[in-house]
Amino acid sequence: MIGHQDLAVRTLGPCRIDSPLAERLAARETTQHSVEEDDRILFDDTLSMAGTRGVPVDQLPSLEPGGPRKRIYFDPAKTRVGIVTCGGLCPGLNDVIRGLVLELCRHYGVRRIVGFRNGYRGFIPHYGEDVVDLSPEVVQHIDDEGGTILGTSRGVQDPEEIVDALERLAINILFVIGGDGTIRGAMEVVRVIQERGLKIAVVGVPKTIDNDIPYIDQSFGFQTAMAEATKSIHAASVEARSAPGGVGLVKLMGRHSGFIACYSVLAKDDADYVLIPEVPFALHGERGFLEHLRRRVEDRGHAVVVVAEGAGQEHIEEHEPGRDASGNVRLGDVGRLLRRLITEHLDDAKVENNVRYFDPSYAIRSVPANPYDSAYCLRLAHAAVHAAMAGRTEVIVARRRRRFVHIPMPLAVSRRNHVDPLGDLWMSVLEATGQPVRFE
Amino acid sequence: MIGHQDLAVRTLGPCRIDSPLAERLAARETTQHSVEEDDRILFDDTLSMAGTRGVPVDQLPSLEPGGPRKRIYFDPAKTRVGIVTCGGLCPGLNDVIRGLVLELCRHYGVRRIVGFRNGYRGFIPHYGEDVVDLSPEVVQHIDDEGGTILGTSRGVQDPEEIVDALERLAINILFVIGGDGTIRGAMEVVRVIQERGLKIAVVGVPKTIDNDIPYIDQSFGFQTAMAEATKSIHAASVEARSAPGGVGLVKLMGRHSGFIACYSVLAKDDADYVLIPEVPFALHGERGFLEHLRRRVEDRGHAVVVVAEGAGQEHIEEHEPGRDASGNVRLGDVGRLLRRLITEHLDDAKVENNVRYFDPSYAIRSVPANPYDSAYCLRLAHAAVHAAMAGRTEVIVARRRRRFVHIPMPLAVSRRNHVDPLGDLWMSVLEATGQPVRFE
Amino acid sequence: MIGHQDLAVRTLGPCRIDSPLAERLAARETTQHSVEEDDRILFDDTLSMAGTRGVPVDQLPSLEPGGPRKRIYFDPAKTRVGIVTCGGLCPGLNDVIRGLVLELCRHYGVRRIVGFRNGYRGFIPHYGEDVVDLSPEVVQHIDDEGGTILGTSRGVQDPEEIVDALERLAINILFVIGGDGTIRGAMEVVRVIQERGLKIAVVGVPKTIDNDIPYIDQSFGFQTAMAEATKSIHAASVEARSAPGGVGLVKLMGRHSGFIACYSVLAKDDADYVLIPEVPFALHGERGFLEHLRRRVEDRGHAVVVVAEGAGQEHIEEHEPGRDASGNVRLGDVGRLLRRLITEHLDDAKVENNVRYFDPSYAIRSVPANPYDSAYCLRLAHAAVHAAMAGRTEVIVARRRRRFVHIPMPLAVSRRNHVDPLGDLWMSVLEATGQPVRFE
Amino acid sequence: MIGHQDLAVRTLGPCRIDSPLAERLAARETTQHSVEEDDRILFDDTLSMAGTRGVPVDQLPSLEPGGPRKRIYFDPAKTRVGIVTCGGLCPGLNDVIRGLVLELCRHYGVRRIVGFRNGYRGFIPHYGEDVVDLSPEVVQHIDDEGGTILGTSRGVQDPEEIVDALERLAINILFVIGGDGTIRGAMEVVRVIQERGLKIAVVGVPKTIDNDIPYIDQSFGFQTAMAEATKSIHAASVEARSAPGGVGLVKLMGRHSGFIACYSVLAKDDADYVLIPEVPFALHGERGFLEHLRRRVEDRGHAVVVVAEGAGQEHIEEHEPGRDASGNVRLGDVGRLLRRLITEHLDDAKVENNVRYFDPSYAIRSVPANPYDSAYCLRLAHAAVHAAMAGRTEVIVARRRRRFVHIPMPLAVSRRNHVDPLGDLWMSVLEATGQPVRFE
């Protein structure tokens, strides 16, 4: 259960400087949208839990809304800002960088913004990475391209060295764009900043193509990725239907959460099976996946299987636990395993088969953001700038139930967002594919 | 202020039949996602209004969540269903039709579903429209196409004749897909049904490419439409930058609400001016739009103007109030007016100009839904089927703050959703375009 | 009948300088692809004309092939180059500019290249247009955008003033990218250059989105434009089929030649009627277009009409002959005329109708080149550079029967390329639409 | 050297039946486009070979043009037609099937057309494949989908059994859509038909996504495939530029010919290296590929490598010659080999690297034809129908130098079309990538 203390946002100090946006904000004073210091949004709005009955509404856990404040903490003329992108690619990274720079420059009048190259290693001298000056001119058109102009890398670095770099460059605000591991790294940076008594705000924009950051509506780039994924599913379907015993097998992203697999299957109703990390499945036996698939291929002549990369890890015998440079558990390749097992199973059963394997992950994550994600990234970036200028730190900005809010970093990494095997989304997927509730 | 009575959902009677989904639903009993009869979701989750301080949370206005019920009102084996699409085209209509049919047939076992042709006139004998049988086979691939396989038309028809047709065909459930005028028409149908003491459920799926239905997150098709609109804005920008004194002028949908204009401009940062119905603007004078545009063209050599069709109606002198067949106010053509005024103004000022006019509305609204909207339509359709089978009537299904909910029709037509001229969205637009807060 | 003298290419003088490409070319000496000074390609390869029977093949009219020469006329280190784009937009303009600059710089070592702004007016002092320095860095990514980075304008300018500008800037080679009127303008420039005894090469890359330049396979950008046009035809079809009595009317480019209309209809088989400039049609009467359309709408409930902008000019009563700034005949707007006449005719016949009009020309011509056109533009640009460096002048480069060739400018403007009303293409269109051979 | 006898087209007998198209064709009598029995097109139009000097033009080798004849061999009312698709998928297969059926039915009045399932095995009883009835209704919209509605398979079957099936079904015309191996199979079928003294025409539509059929302009689907391939190259470039030491490695189709690799690199200038079967390359040593790549990665921080699947076969040690079911040489996987060698080489050299491997072949070949290919397929199908109805056999239809012609099958399989390592295309590729002429 989330409590008040989990939702409290840290600040560097009181906001005593008039925002350069004040004139515009002045016009907004009478409306509910202006963000006052004590504005809050309920963390949960469901009344199904008995515990909330009769509780005064203002005593329920609530979140701080995002948005511009009338008074801010940092003096724009003297503020120096750093931006870093970490982890795997995701559509929209350049949009976020662009949105941060444009908002800082044009609307707050911040003049010096630098980008650190290739993730956290950009702070560490021995890698010899240059720092990149970011101006409105530099970022104006970067949203037309996928990837990140700053480069990225996996893995955290020594937080002491990172804060050394921040001090050396006199950075006041650091924007960190990355996932779970990146945010944990940022928390270490915050710890060192505090230990040294510095006034540096660290604000995160959560990036996760898997949509597994908790408490937020949907991570940026997710819709773009999901739309790209539908193309691979459809190609797999075309291949499967064009060959005798055609089986199209598509491995999609989703280390811990099968959101991309689920949504893309709902969007393009071509799949017969969806396998996700949240729902274990038996491979063998009469009610196992392989036998079910065999019957489907014999009945219809073809089948399409979509598997999230984190699904079925229990079946990978050669699975050696380990962690990659970002601290993520290293996954065995379920796609290749299934390709082999399906072929063997159908061969053994004397069922003619033509298994086609699709692994489109790099192609999916490197495209530019679609218009929805592009606008979303821009607004997320605006919210991040507002939060940082108001002195918020160790916080991520996110949209929750359609409202931009501040979520403390510790809460954001306290768990992952999962497809609920008992929820509406998975039920719709079962309906769309017609697959059984469980393979056992 | 919305009160409890505004949010109360009408039902035809108690649910006494076990849902065919019961087996699946049984597994879900222990989770918070199962929809119990007394589940509610808070209507508003903002704590900024003094009035709510101290109020017990379960006394606040709340909505009924959508989703499958364990017990239902209609016996699937005996249920006959009708579907009708009304008003202008919108991406996703076929996806909704398809979702309704598949959910009804596959999951509830409903066997007879008919589509009425060309909107409400499909019920009226003198038009001679055939009724279309809708089976899973018929609808399987219709989502690949834009438009609606049922056809559509504007305008309401005599509710008595409509209910005559429902009785003649022994329809138990009518799904109405349409906008404001269509929902008002459906309310008339409900009135006649009640007067005749019939047990026919009328459930709406709100369609509005303008996103102007209130209290909902975003209407289906909106993201697709907005993404298409960005293409026209970009084409206008290319044209404007390729000719001396180039002015690209794009008229987009938006009779009362400028959402498509605002979002598409945020997504593709090519526009210099956005004009929407919610923000009046002066044309003439030193601080008027035309003079500002003249200076921009002289300074930069080109400009891009995006105007929502309902903007600047006050400037259309020949504007004769009237209503179209659906009862919508007939709008003067602000696009053509601006094209003429801009050309004249720049000519008068001896500023060379090449004005290119884009009117992409038909092209935008006729495309198939993008993957996000496609999945969204499917889930909306599922919610509509669950609501109807549980005997809800005079209700629309919608997503509000990311939850599928039931909204009474009278509430859904009580006002329109507007871009808040003091809110975050418009502020982001002003930042993206750099246009002044007001032309006066 | 084309004779030898029509195909002779003018040169500024003998090629006495070793090409910087010589080393690479040396390896090619033994193959048929190396371009020797006396290489020729037959102008026509059809044997159906009695006159050619028995004629020795080397006495038949033939063309000079394009491609790199071992010896060239201009010394790259001392060569200055100008580039200008004229007339309406066409996909691929930036690709051609880019290809010219990259080939000149990287492969010949030319160092100074300038772009003239906004067509021929870029040469004329009183317009005050700046000259743009073009380097590989400037042009590297311009192919991602539609339009032309140089800007463009219609109309010719005084050739004396143009040559003054060439002399002032010490230009040795001028590349002109434009259509019929632009090439005629270039011929005037050549005339003045000759009168002044200058050694300036003028080489054209023919641009015509209508594909109406004669003797060439297909103009650059045509496939991109045709592919875009299919989208509008399909949207018109969706609209027509979604409304009672729906008529989708699409006006496409094609002042004198209906190629875009024909090819886009073949690609996307949605149209019932195609009207092109090459095939006159009667509007009224029992066998006229309007009556045929009425019957089609009554029979099928909808129809799609595609009309090239130059079609049916004989029906535009208010047609006042005149010429636009480029010297093109000004056309009446056949799209608006048809929209009015169709509506009136169906109204008079008491046939319910919903006419939707599409005018996508600006949207079509402003998109970036598709991959095929992009590669084609690059290769055309290479051929243009090779021709110019070898001292060819008053020549355009083109692909004819899949070979890059040099065509003298006078021949290129001697007639237009038309859809042959008795040829295969039009016959395929008649088959695809099912429309009668003639409306009379 | 191609001689007259190589170009002679076999016919089943004299054409004595008036074509149903005669009325339309009558109007065409006076034009050069009507196809007379003795019309010919020169096989080669280059005058560079000394041997042709002075030769009367009508004694040079020439081709029979495609197109409708006034008199035909088969009586449409009594004609039965079979269609089969063989080999790998290629964009446009459904367009060709559709074009054949529509032309046969609508324009010749042929009533019975069947499709054989899954390639040549569709003729062989023991596979138990059903025959599919093909009518205009069945094929009307199949061009919206990739793949082939008939299914396909690799490998030839016993020609005696195939002709048995043709006799059993009383087939008069067999259309075979496939590549090199398929055409060889069709020649065997023709041999058996002749031995049995049957009057069955066998006409091929050449399919090769690699564009390696000789003597033709470009095979259908090639432009679509090449455009798709550019997306993978661009994704590889985005990935490479976003990671330290990023190397994007893309394996494209091209067993014997590197056309897709070459054209897609010209269209999207993102690649640093292109490796094709026609140009051998050294891997190791100072001037080998791996060292060159290492220097590029060290200099620029990233590189993109495009490799055709048939390139570098000499480097695959474990390469065991063998043939797949279609008789094609089985290739070792050069993509995986390069991925391993690049990683090892850079690791050994202590160069940080992130190699990302793309294998998009299935995704490329399963998309629907783009508008250009769609129109091209339709016209090819028309030409095939005209050829078959006029009694031509053992012939493929193709476009050569922009003319539809008949090419005898033996000539079509006599060699492959290759990228000329000394020709324009490869030279443009070297210029675009900047890679050395050879790695040695």
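Order of writing sets the labels: A, B, C and D. Residues in every chain begin at 1.
Convention: a residue touches a chain if its C-beta (ideal position, glycine included) is under 8 Å from a C-beta of that chain, and two chains touch if they have at least 3 such contacts.
Source: prediction; values computed, not measured.
S.K.: Both chain C and chain D are touched by which chains?
M.R.: Looking at chain D and chain C together, no chain touches each of them.
S.K.: If you take the mean of the Cα atoms for each chain, which one ends up farthest from chain A?
M.R.: If we average the C-alpha coordinates per chain, C ends up farthest from chain A.
S.K.: Pick the pair with more C-beta contacts: A-B or A-D?
M.R.: Between A-B and A-D, the larger count of C-beta pairs in contact belongs to A-B.
S.K.: Hey, how far is the Cα centre of chain A from the one of chain C, in Å?
M.R.: 47
S.K.: Averaged over CA atoms, how far is the centre of chain A from the centre of chain D? Could you give it in whole Å?
M.R.: The mean C-alpha positions of chain A and chain D differ by 43 Å.
S.K.: Roughly how far is chain A from chain B, centre to centre by C-alpha average, rounded to an integer in Å?
M.R.: A distance of 29 Å separates the two centres.
S.K.: What positions in chain C touch 2 or more of the other chains?
M.R.: none
S.K.: What's the contact topology between the chains, one of line, ring, star, complete, other?
M.R.: If you draw each chain as a dot and join those that touch, you get a single closed ring.
S.K.: State which pairs of chains touch, listing all of them.
M.R.: By the stated definition, chains touch in these pairs: A-B, A-D, B-C, C-D.
S.K.: Looking at the complex, which residues from chain B come into contact with chain C?
M.R.: My answer: residues 89, 118, 121, 145-148, 151-153, 231-232, 234-236, 238-239, 241-244, 356, 358-360, 362-363, 366-367.
S.K.: How about chain B: which of its residues touch chain A in the complex?
M.R.: Result: residues 24, 27-28, 31-34, 36, 39-42, 45-49, 52-58, 60, 62, 67-68, 102-103, 106-107, 143, 217, 223, 226-227, 230, 263-264, 266-269, 370-372, 374-375, 378-379, 382, 401-404, 420, 422-424, 427-428, 430-432, 434, 437 of chain B touch chain A.
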